[in-house]
Amino acid sequence: MSPPLLKLYELQKHYPLDKGILRKPSRFVHAVDGIDLDIGRGESVGLVGESGCGKTTVGRMLTLLAEPTNGSVAIRSDQLPDHDLTDLDKQDVNRLRRDVQMIFQDPYESLNPRRTIIDAVTEPLRLQDLGSREEQQERGAEMLRLVGLAPPETFAYRFPHELSGGQRQRVAIARALVINPSFVVCDEPTSMLDVSIRISIMQLMRDLAERLGVSYLYITHDLGVARYMCDRIAVMYLGKVVEVARTEDLLANPRHPYTQALVSAVPVPDPTYERPVPDIKGGVSRPVNPAPTCRFIDRCPWADHTCESNDHPPLEQVTSDHRVACYHAR
Amino acid sequence: MTTTATTTTAQAGGQRSTPLLEVDGLTVRYETLRGDVRAIEDVSFAVGDGESLGLVGESGCGKSSVALSLLGLLPKNARVDAGEIRLQGQDLLRLPESQMRKHRWNDIAMVFQGAMNAWNPVYTIFTQIEEALTIHQRGSMTRSEARRRVGDLFELVGLDAQMMDRYPHELSGGMRQRAVIAMALSCDPKVIIADEPTTALDVIVQDRILRQLKRIQSELGMSIIYISHDIAVIAEVADRLAVMYAGGIAEIGASHTVFGHPRHPYSWSLLTSTPSIKGPLRTLSPLAGEPPDLHDPPAGCPFHPRCPMATDRCAAEKPPLELLSSAQASACWYADQVPDPREQEVLR
Amino acid sequence: MTTSPQRTATTTGAGAEGPPGTPQDGSDPSGRGLATGRRARLANRIRVLRASFRENWALFKRNRIGVVGLVVIAIFAIMALLHPILMDTVWDPERYHPVVGYSAQEVELTVVEEIENPGQEIDLQRAQLRHDPTIQVGDTVEDTIQPAPPSLDHPLGTDPLGRDVLSQLMLGAQTAFGMGAVAAMTTVIVATFIGSVAAYFRGWVDTVSMRSADFFLLLPPIPFLIFLSAIYDLNMVTLGLVFGLVSGAGSTAIVLKSQALTVAVKPFIDSARVAGASGMQVVLRHVIPNVLPLTFLYMMFTVSGAISAEAILSTFGLIDLPMSWGIMIQTANDAGYILRGVEYWWLLFPAGLAVTFLAFAFYLFGRGMDEVVNPRLRQR
Amino acid sequence: MAKRLLSRLGQLVFVLWLLVTVMFFVVNLAGDPTQQMAMDPNIPPEARELQIQRLGLDQPMHIQYWTYLTGLLQGDMGVSFHLYPREVSDIIVERLPRTFGLLLVATVVSIVAGFAVGKRVAWLRGTRREHGATIVAVFLLTVFPVWAALVMIWIFAFELDWFPSRGFITTALWRGGPYAANEVFIALLLSITALLIAAFAVFLLSRRFDAPWMRTVGGIGGLAAVVAVFLLGWSATPMAEYAANIAYHTVLPTLTLTLLSFGGTMLLTRTAMMETMQEDFVLTARAKGLSERAVRDKHVARTALNPVVASFLISLVTVITGSIVFEQVFSWPGMGLTLLNAATEGDVPLAIGGIISLGFLFMIVHFLLDLVYSALDPRLRT
C-alpha cells in the first residue's frame, strides 16, 4: 500500500469555556481529544458521529480554519512535500490552500450573495494568483461544465439566489476543485438538500473523485449517506474516534457498543423490518474537562471495573482493516 | 369526482368506519408579490381513530400547509379555495375563529419541528404548558392542579418533573422535544400532528422519541399525523402514508403496500434515492430536474417534467388519484408500469 | 425526457441535474465557453441590476411612507439647487441676498394699541417714536416695515432685518444638505469600518472598538457639540464631522457590528478563507458588501439627526454659519417675535417646518428602505 | 448574572474615566480656559490668578491632569466663571436632580405609553391605521424640538392658558415660605421613584396566587392601594401646596418631552414586535388556542420587550437632547440650560462639569437598563 496522503496524529482541540482577559481559563471543552487517522490518495473516508462529537472541528482543523491545540497533521503535498499543518508560516498556509479545500453544508449560505457564480468559482484562482484573468475565466467555465452546469454562460453571471439548492452545491463543488486540490473536506454537503437532489450531488462527487483522484474526508451524521459515499468510516464519540473500518464491515459487524447503538438506531425504509432497540443509556454530555477514563463509560451497557480503572482505551486492530477503542470489543 | 369516491380513495388502506378526521378536496393558494402559489391542490385523506398517517414529501410540497390548515392557522395571505376539513363530521373550515380556537389543542394538537423555536424563551416550560391547560379549562384550574397534571405528563414522556420549572434554553434538544410532546398531550387531544418531530435530533435520540410516541399512542389511543421529508422515519411509525408532490397527493395507501411496491414513479424515486444501511447497497437513481415552481406549475401531471416514464399524455392531462386496490391509490396514468424498487442493481 | 414550455427561470438549467460531466447540448466543447464573456458579463450585470431595482422598488413602493419621504427630499433638493439660479437671474442680490440683502417695504399703517395684523398696523409707542409724538390711535402713517408679511415681492415675507425669508429658506436647504452629507459620509465610513473589522476579527479589536462605542454612547452628540462650542468655533464641516464621528463610532457602529456579526459567521466567509483570502480581503470583499445596504439605511437616519442638530445649535447661536434654518429662528427670537403666536407666523413656521419636514422625510425614506433591505421585517 | 453586571459596571466606570480624560485634553488643546475670565469685568484679576493656580495651569500637563482627576474624585470641579464665585459642583448638585426628574418621568411615561401603543400598531400591520400611527410617531421623533416646544407653549400657555409658559416655581408663593424649592422637588422625586418600585413589587407578588382569579384581583387591587397611599400621603404633608406648584410648572416641559420620546419608543416597539411575530413560538401559542390578544400581549409583546429595553439607549439620546432644548425654551433651570449658558458664556469649568455630569447620568441609566435587561431575559440570568 502506498503511504497515506494525510496522516492525523494525536490531533487535539480544546476550547476554553471561561474566557477572561486576566484569568487563566480552567475549564476546557475537549472538542477533539487525540485523533489518529490516515487517509490514502483517492480514498474517501467518512467521519460519522452525533452533533457535538467534534467531527466538524476536525474538518476545520484540516482546512486551517481552526488551530489545533496539540498533535499534528502531515500531508503529502505536491506544493510542500510532507509538511506538518500545525507548524506553518503564512506562505506555507497559502500554498497548502491549493491542496486542501472544503465543501460546506449549507448551499444557501456558502456562496456570497453579492458575487456572481463565475466570481465564486474563480476566487481561489484569483487569491492564489494562478494564471491571467482570461485563463481563470476559462478554467472557471470548464469547471462549471464539469459539475454539470452547462452551458457555462447560462450560469456564469448569475447570482446565487437565482440558482436552486442543488445547483448552488454544484457551484460549491466547482469552487472547491478549481485549483486541483488533492484533498477535500466535505462537511455534510448534502444534508440540507432534498432527497431527490441529494443523490445526484453524491454521484457527482463520487464521479469527480474518481476522475480527478481527489481524497475526501466526508463528515456526516447519516450512516446511509456515508455507506454510499465512503470507502472507510471512522465513528467519533465526544472527541475520540471509537471505531474505524471498511464501510461494509463496519455496518455489518460493528464492534464498539456505541457504533452498535448508532447502527441499530438508523431508521430503515421498510415497514416490515423490526429494528432492535439500541443498547445505550442516557444522553450525550459536553466533554468539559472529561475524566481520563473511557468517554463512553456512563452510557455503555458493558462498562465494568476494567473500564473504570483504566484510561480511555486505545484504538486497536481487531482484523486487518478494523480498529476499535474498547476493552470489551474482542 | 364525487364525495364518496374521494372518501374511498382518501381512505385507501384505512378502516371502513367513519373516520375521525377527514380532509376532502382541500385547495389552498398563497397570494404573494410574484403572483399566486398553489400550495395545496385538491388534497383528500382521512385519519381513523387511533390510526397513524404519514405525510411524506420534499420541502415545498405542501405538507406543512396541510398541517396549518388543520389547525386553521394558515398565514394571512393564504386563501382556501375549496374543500372541507371534517372533525367527527363537523367542518372546521366553516367555523368562526372563536369556535375554532376551542378545538385547537383541545382536539387537534401539534408537535412542532425545531423544538427550540417552539418554546417562548422568556417563560418556563411549566408556564407554557399551564397556559394551554387554563385556556381549555376556562380558567378554573389552579396552579397546584396544573403542576400535578404537568408532572403526570412529564412522567409519561420520560422527563424528570423538576424540568418543568426550567427555561427552554436550559434543556437539551431531546428534552425539549419530549416537553413539546408533553405539551401536545396536555389537553387529551383526539389528533396530534407531529410536524418533523425528530428533524435536527441525533439518530439515537430520534429512535427514542419515535418509540415513545408509538408507545404513548398505543396507551392513549389518539390519532397521529406524522409529517416528514424522511421516508425511512415514516416507514417506522405510520400505518398508512400519503406521498405528496407539488401540493397534491401522488400516492396514498397502507405502509406495507406502498413500501412493498409503490405505484407512483415519484414514490418509487423517493425509495430508490434513500440509501439504507440494511440489506445490499443498491444503485441509487437520482431524479432529474428540480421541484416545480408553484407560481407556475407545469400543465398535466405536475411530476411529468422529471418523470422517467412520462409520455405526451402526462404533459397534457392531469391523472386523478385512483384506487388500485383497497389498500392503495395512485395519481399516475401508468401506475401498473412502475417498477419494483427491489429490482435496482446491487452495488455491494 | 419530456420538457414543457412553461419552465421557469430557476429550472432553465434543469439539464444540470442530469449525469455530470456530459455536455447537455451542442455548445462549443473546446472549453472556451466564455468567449463572449465581457459582453455577457456586462449584459448580465445590467439585467441583474434592473431586476433587483425593479423588485426593490416594488417592495419600497408598497410601503408608501418611503415614497412620501423621497418626494419631500426631492422638493427640498430642488429648492437648494434653484437658489443660485434665482440669485443669478430673477432676484436682485441687493434686495434678495439671504444674508446682506435688504428690502424694507413702504406701507400705510394704522396706529393701534396692540398689533393684530402686522402688515397693516403699527403700535402707538413705535409710531410716536419714529414719526411724531402727537400721533394718536387710529391715525395712519407711512412707514417701512420689517419683518413684513408675505407679499408678491416676498412670498414668505421678510425677517426682522428686512431680508427675504424664502431666499433664506432656500439657502438654508443647501446648508442642511451639506451638513447632512458631511455627517452621513463620516458616519458610514467610520461605522462600517469599525463594525466590520470588530465583527470579523473579534478578540481585542472587538473589545477596543466596543468600549470606544460605549464611550461615544455616553456622549450624546448635541450636548457634546454644545460643550465643544464653549471652547472652539464650530462651522458646518467641523459640526458635520463631529456629529458623524459621534454617531458613527457610537450607536451606529454597534448596530452595524451586530449586522456584520451575522455575516461574519456565514459559511461563505469560511469558504473565502479556505480559498486563501486574508483577513482584510475577507472584510473588504465579503463582509462589507453584505452590510452595505444597512449602512445606507443608517446613513439616512444620520442625515435626519444631523439636520436637526445643526438647527438646534444654530438656534442657540452656537455655530458660525452664514445662514441656516436655525439662524432664521434665532434671528426671530432675538428680535422678540417668537412667542407672539401666529401673528408673525412666517418667522417661525417656514424655518421650523422645513427642519421638521426634511428630517422627517429622510427618516421616512430610511424606514421605507428598512422594509427592503431588512429581511427580518419582510412578511412571511 | 451578578458577575455579568459587575463586569458591566467595571466597563462603564472605565468608559467614564475615558470621558473625563478626553474632555480634559479637548479643553487643554484649546489653550488657556481662563482667558475668558480676563475679559469679564465682574471677575477681579486676582480671581483669575487664583483660578490658574487652582487649575494648576502653570504646571506641566501630566500634573495638571492628575490634579484635575483627584479633584474630580473629591467633587471639586472648580469655580464657574459666569456664576462666579459659585462652585461648579454646587451648581450641579442643585440642578442635576431637576434634569433627572424630567428624564425619569418622561422616560417612564413614554416607555409605558409607547410600548402600549406600539404593540397595538404592530398588530395592525399593513392597515391604514398602522401607516397613520407610524407617520405620527416618526413625526414626533424627528420634529424640530425648538419649534415643537414653541408650538406647545403657544397652544397650552397662551391660547388655552392651562399651564405657565416658563420657570420652575411661582416665585411669589415661595418667597418667605418654609421650604427651599430643591428640598420639595427631591422629596417629590423620591416618592415617585418609591411609587414605581412599589407598583412593580405588587405586580410581581400578585402573580403568586394559586387561583387565576386571585391573580387578577390581587394585581388590580394592589396597584390601586399603592396609588392611594401615595396620593393620601402627599395630601397630608404641609409641603403639599409647594409640591403642587412645582408639579404644575413641570407639566408642560414633561408633557412635551414625553410626547417627543414617545415616538421613538413606539417605533422601537413596533419593529421589535414585527420581528418577534415571525418566531415559531408565536405559532405554537396560536395553536394552543390562545386568543389573538393573549398571543399579542403574553407572547409577542413580552418577548419584544427585551430588544426594546436593549435599544432604548438610542432613544435616550433623543430624550437628553430634548431636555436641553426644552430647559432652554421653558426656562427650566436644569443641567441642560446650565450647559447651554456655560457654552454661550464660554464658562469652561461649568461646561466640563455639565458634560461630565450628563455622562454620569447616562452611565447610570445605561447600567439600570442592563439590570432590567438581565432580569427580563432568563437566558442571561444564569
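First chain written, first letter: the chains are A, B, C and D, and each begins at residue 1.
In this section, a contact is a pair of C-beta atoms (placed from the backbone, for glycine too) under 8 Å apart; a residue touches a chain by one contact, two chains touch by 3 or more.
The model shown is predicted, which means the values in this text are computed figures rather than measured ones.
Chemist: What's the fewest number of moves from chain A to chain C, given that each move must go to a chain touching the current one?
Modeler: 1
Chemist: Pick out whichever of the two, A-B or B-D, is joined by more C-beta pairs in contact.
Modeler: Looking at B-D and A-B side by side, A-B shows more C-beta contacts.
Chemist: Could you work out how far the Cα centre of chain B sits from that of chain C, in whole Å?
Modeler: 52
Chemist: CA centre of chain A versus CA centre of chain B: separation in Å?
Modeler: 33
Chemist: I'd like to verify one number: the distance from the centre of chain C to the centre of chain D, where each centre is the average of its C-alpha atoms, in whole angstrom.
Modeler: Spacing between the chain centres: roughly 27 Å.
Chemist: Note the residues in chain D that touch 2 or more other chains, in rising order.
Modeler: Answer for chain D, listing residues that touch two or more other chains: there are none.
Chemist: Can you tell me which residues of chain C touch two or more of the remaining chains?
Modeler: Only 10-11, 17-18, 379-380 qualify.
Chemist: Could you say which residues in chain A touch two or more other chains, in rising order?
Modeler: 164, 166, 197, 200, 203
Chemist: Show which residues of chain A lie in contact with chain C when the two form their complex.
Modeler: Against chain C, the touching part of chain A is residues 21, 60, 63-65, 94, 97-98, 100-102, 104-106, 109-116, 118, 123-124, 127-128, 137-138, 140-142, 144-159, 162-164, 166-167, 170, 172, 175, 197, 200, 203-204, 207-208, 211.
Chemist: For a test of understanding, state which residues of chain B touch chain A in their complex under the given definition.
Modeler: Answer in residue numbers: 58-59, 172, 174-175, 202-207, 210-211, 229-233, 235-236, 238, 255-256, 259, 269-271, 273-278, 281, 284-288, 290-291, 306, 348.
Chemist: Which of the residues in chain B come into contact with chain D in the complex?
Modeler: 71, 73, 101-106, 109-110, 112, 114, 117-124, 131-132, 134-136, 139-144, 167, 169-170, 183
Chemist: Which residues of chain D touch chain B in the complex?
Modeler: That would be residues 209-213, 279-281, 283-291, 294, 298-299, 302-303, 306, 376-379, 382 of chain D.
Chemist: List the residues on chain D that touch chain C in their complex, please.
Modeler: It comes out as residues 11-12, 14-16, 18-19, 22-23, 26-27, 30, 33, 125-126, 131, 134-135, 138-139, 141-148, 150-151, 153-154, 158-159, 165, 271, 274-275, 278, 313-314, 316-317, 320-321, 324-325, 328, 336, 339-340, 342-348, 351-352, 354-355, 358-359, 362-363, 366.
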